[in-house]
Amino acid sequence: MIRDERIPSDELRRIDEEIRSNWPTGEGVDFEDAIEYHESLPDHKRFADVLESADKPLLQPRAGVPRLDDQIELLQYLLEEGKADLLPTTIDSYTRDNEYEKAQQGLDKARETGDDTLNGFPAVNHGVDGCRKLIDAVDAPIEVRHGTPDARLLAAITFAGGFQSFEGGPISYNIPYTKRHGLEETIEKWQFVDRLAGAYTERGVRINREPFGPLTGTLVPPSIAIAVMLVEGKLAATQGVRSITLGYGQVGNVVQDVAALNALKELGNEYLPDEVVVTTVFHEWMGGFPPDEARANGVISLGGMTAAIAQPDKVITKSPQEFQGVPTMEANSAGLRTTRQVIDMAIEQDIRIDGIDEEQDLIERETRCLMDTIFEHGDGDVVQGTLKAFDSGALDVPFAPSDSAKGAVLPARDDDGRVRIFEWADLDMDDDIKEIHKARLSQRATTEGREQSFRMVADDVDAISDGKLIGRPQSQGDV
Amino acid sequence: MIRDERIPSDELRRIDEEIRSNWPTGEGVDFEDAIEYHESLPDHKRFADVLESADKPLLQPRAGVPRLDDQIELLQYLLEEGKADLLPTTIDSYTRDNEYEKAQQGLDKARETGDDTLNGFPAVNHGVDGCRKLIDAVDAPIEVRHGTPDARLLAAITFAGGFQSFEGGPISYNIPYTKRHGLEETIEKWQFVDRLAGAYTERGVRINREPFGPLTGTLVPPSIAIAVMLVEGKLAATQGVRSITLGYGQVGNVVQDVAALNALKELGNEYLPDEVVVTTVFHEWMGGFPPDEARANGVISLGGMTAAIAQPDKVITKSPQEFQGVPTMEANSAGLRTTRQVIDMAIEQDIRIDGIDEEQDLIERETRCLMDTIFEHGDGDVVQGTLKAFDSGALDVPFAPSDSAKGAVLPARDDDGRVRIFEWADLDMDDDIKEIHKARLSQRATTEGREQSFRMVADDVDAISDGKLIGRPQSQGDV
Amino acid sequence: MVFNTMSHTVVLGVIGSDAHVVGITILEQAFSAAGFDVINLGVQTSQEEFAEAAVDHDAEAVLVSSLYGHAEQDCQGFHEVLEEAGVDAVSYIGGNLAVGQDEFEQTRRTFRELGFDRVFDSETDPEDAIEALREDLQIKPTESERATISS
Amino acid sequence: MVFNTMSHTVVLGVIGSDAHVVGITILEQAFSAAGFDVINLGVQTSQEEFAEAAVDHDAEAVLVSSLYGHAEQDCQGFHEVLEEAGVDAVSYIGGNLAVGQDEFEQTRRTFRELGFDRVFDSETDPEDAIEALREDLQIKPTESERATISS
């Protein structure tokens, strides 16, 4: 029975060897050589150090293309023209599905024709040397971003390749991304990833790990996201990770977003072991964007404003072309610069908004309910607790495609635009908290002159792309 | 001696006839015919009614091109693509200087070659019929915006032409716009404009008047701007104007901007007669813009956020191409839509920021000092008081090109980015208020480890275009 | 909110390897609220799974969602699979059905030719799909239901 | 902040019908702080007004600002006007000196040919102009001033 326990060294080695035999480039991984390579990197490429020592939010975009030279060019552009502080390398979908053969075909085709047939950088196929060329060529820390349920080989190669930050986790890269990967399976596989990061950490190379906070990206109630972050943070810490960046995706209500980021930081420090350095990352709105760059810039700016007030350690920016999918590098840079301008104009201002403490308190109480139910379900073991709590529905994520979560919880905005829970299903929450949500949603229903119903949920899902925060009934709309 | 007294009817008629003989199109003005035309307009083209009955901030861009059909096309575009609520017609520089002959040459050339040799719409040359064609063709209320010290003929023609809103005032269209027009002269000329608007008002056609709030557009301390607004509002009210929109230009500090808009509304209602309907307009940042559309969008969005919190009746939007001068109509629309998205996402949120009441209180106290000194200088007469207070420097506007103001007052931002007064010169302000400013600026000096000096002023003037709110010394800048 | 006397079953799912779940969650809620029995197969559903579920639950309608732009290839041969399994149901498809900038009318034609009875774009309101299904299944709303619709 | 023993007078103004006042306000403050006697003529200053003020105040430098893009036409014949009035002073011009996207080096050449001793773009720091003027007038900073510069 899988538990929250550190993988023994010999077991780590056994899995590592097995994993590396899955694809030829796995042979290029040599741990001692990798430690030496990391030690050779200058201070300003050490991801954890740069992030943890920053005195204001660092900005990071999303970006990945198949060919090495294109990826270098793209990242250099985002650094120079976008003034990014931290850079990403987003991995392609085939690699996320461990389809290295298909990724290879796509990469070969991209090299031959120049067309990008892959939607990201196939780091496994590029191998350790390819990764190091990227790290060498780009003058900033780079994180691996993906969405891979079984990221063991990807981790082995990118860690050896010089990357010092790795996004994802067993819940956050399972529940929102895939239907059929069992949670037990992904937890086991991510224990290896974290254990490998821990092995580097033991040798002084602190690999930063970043659970994916936005989850399904659509109106996720803050306490659910934070509970998942705390679980993944604890699992990583158990395996020896010492630099953990907990994530949270903007819901668009400034008070709730600032409160949630405060709660994330607070609870992260409380629930994770003292030896872990906890940082936070704020994702600009992950839901549907307006099909209009001008209005998209408004959405991005509201994210920048929120970041200026909450001051997370990192902000993942969006581009004005979000609606149409992968942005041009110009649009990607524009998203960075718009965010930067808003943050830099607002961050020195003393903006203290009423009601943040109360909202933070509510979020913390809710999160504690969820953490308590996890511990209870697992008799103190977080892994078993998580598995059983998701199984019973006591822990749930709205709009989860995965069979591992019930996905029966439904959120809706209240009259102030804060995300509340409309359908609780089996989520294990104290009754007095449920009453608070009910009262807030009832207030909205009164304002709108309609019953609380799934229509509110549907209207809220589309609201921001339609230009509003709250999905009010049409009859109440503009003239 | 000119005083704050209503121009008698016969005097109004005499000036009106004299003025209308200045240029051939003046003959086309017939008051009774004009009243009839205004009465024929549908409700949704009645500027004052639309503005005063709105339940959230209405958006208005800036726009003016020389030819009538181009101006119609431009305004229709801004209405349809930009979703503007209210529209402008910006007048060209020759007309502002009463050089109708030169404006005619420019208009003729524009008609012949298609090139825009004028920087706006020469409404006097288009005459009453041209104006009415514009009003008829565009399905929203339209305001005349200009910058004309002697706007008497422009007012006579545009009022008869169907415009129901007219920007400007004797101080706000003198001090920031021209060097040599005496204040006494512009007050006299604007008394006629207001009296003419009052004559329409008496007949049920409420012409909305809008003093130009941003003044010199560069770090104007709120109380100075508000005092000028109150003076111009009072002068207009004396002449019979009953719909007055007081203006304020964003300084970029959210607390100070919200406080200033609150104070403007509060004091406007207090100082102006009860029979006047007072509304407010918020101008997005009027200072230097970043030479980068992405960063400009950040500046615009901060304006939208401020408007969502303060909820003025109207917002004058900027475009991302502000840096390069006159924007394309696409960029102009983009500025509208970015602002709209931010306002619509934020306006339903309950965002109450600490310290707004205190700042508002300070602004109101400062404004009262200035109003008191005006009344004292004029022995109760606002016109004489304004003339003498500007003359003595007891009332002053920073960076004023006009010889009518000393322009000796200098502003600088405090450590929180609020605009304070660094050099008081002869401004008549209570000592305890001066002490507050001094203390706040001293706090900034300490933070920056430098003396209070004009360097702060210079650094602040460039700060927003350089990407920050406060002009910190370079050594404290980013890496 | 019940109407008529007998219940009608619809099978709902996202076809292919598409993992967009929000749309069908909303659809599930909407069809349930409108009185249908909804079998939600979730995301990443194969043609065979649709057919199997339609047979098992004796469904009167198969509602296919696709948002990632590969609907056309995912639906090749789908109606043959349904037919072989003996499914006799109305079939709808909706979502972002083409990657490019094709006119929607052309997209509709393509999917009608593939065998779908109705084709919806991603802007379609759930109520419109419900309305269409009632028409196709000749379900008459009850008085109370009619009141709700007109409100 | 005093340096040397004698004072030096500069005449400052915005030429033509340009009404941009912020730049010269800052310049006035900067030159005053650096110990110069500044005669600020303000905006919309004619060539003749510059010449007259330079003669009246026995100015050693005439500093012309222009930000609205018409500097070249506003400055045609300016140095002839100065000469006729008997002005013997260093002349600088700075600001947005050309409307288009000309290379600044070309703009500099144009204004050098018109007779200006130095030409600055709008990004120039006031300190640089002061530094240049000290060099041209052969003014040596005092010890205390030198300390300030290096700080």
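Letters A, B, C and D mark the chains as written, and numbering starts fresh at 1 in each.
Just so we're on the same page, a residue touches a chain if its C-beta (ideal position, glycine included) is under 8 Å from a C-beta of that chain, and two chains touch if they have at least 3 such contacts.
Predicted model, so just to flag it, every value in this text is computed and none were measured.
By the document's definition of touch, common neighbours of chain A and chain D comprise B. Chain A and chain C have CA centres that are 32 Å apart. Taking each chain's centre as the mean of its C-alpha atoms, chain A lies 45 Å from chain B. If each chain is reduced to the centroid of its CA atoms, chain C and chain D end up 76 Å from each other. Touching chain pairs in this entry, ordered by label, are A-B, A-C, B-D.
Against chain A, the residues of chain B that register as touching in their complex are 252-255, 290, 292-302, 304-305, 333-342, 344-346, 348-355, 415-417, 464, 467-470.
Across the interface of their complex, chain B is touched by residues 14, 19-22, 25-26, 29-30, 33, 42-44, 126 of chain D. The part of chain A that touches chain C in the complex is made up of residues 177-180, 216, 218, 398-401, 403, 407, 410, 453-454, 457-458, 461.
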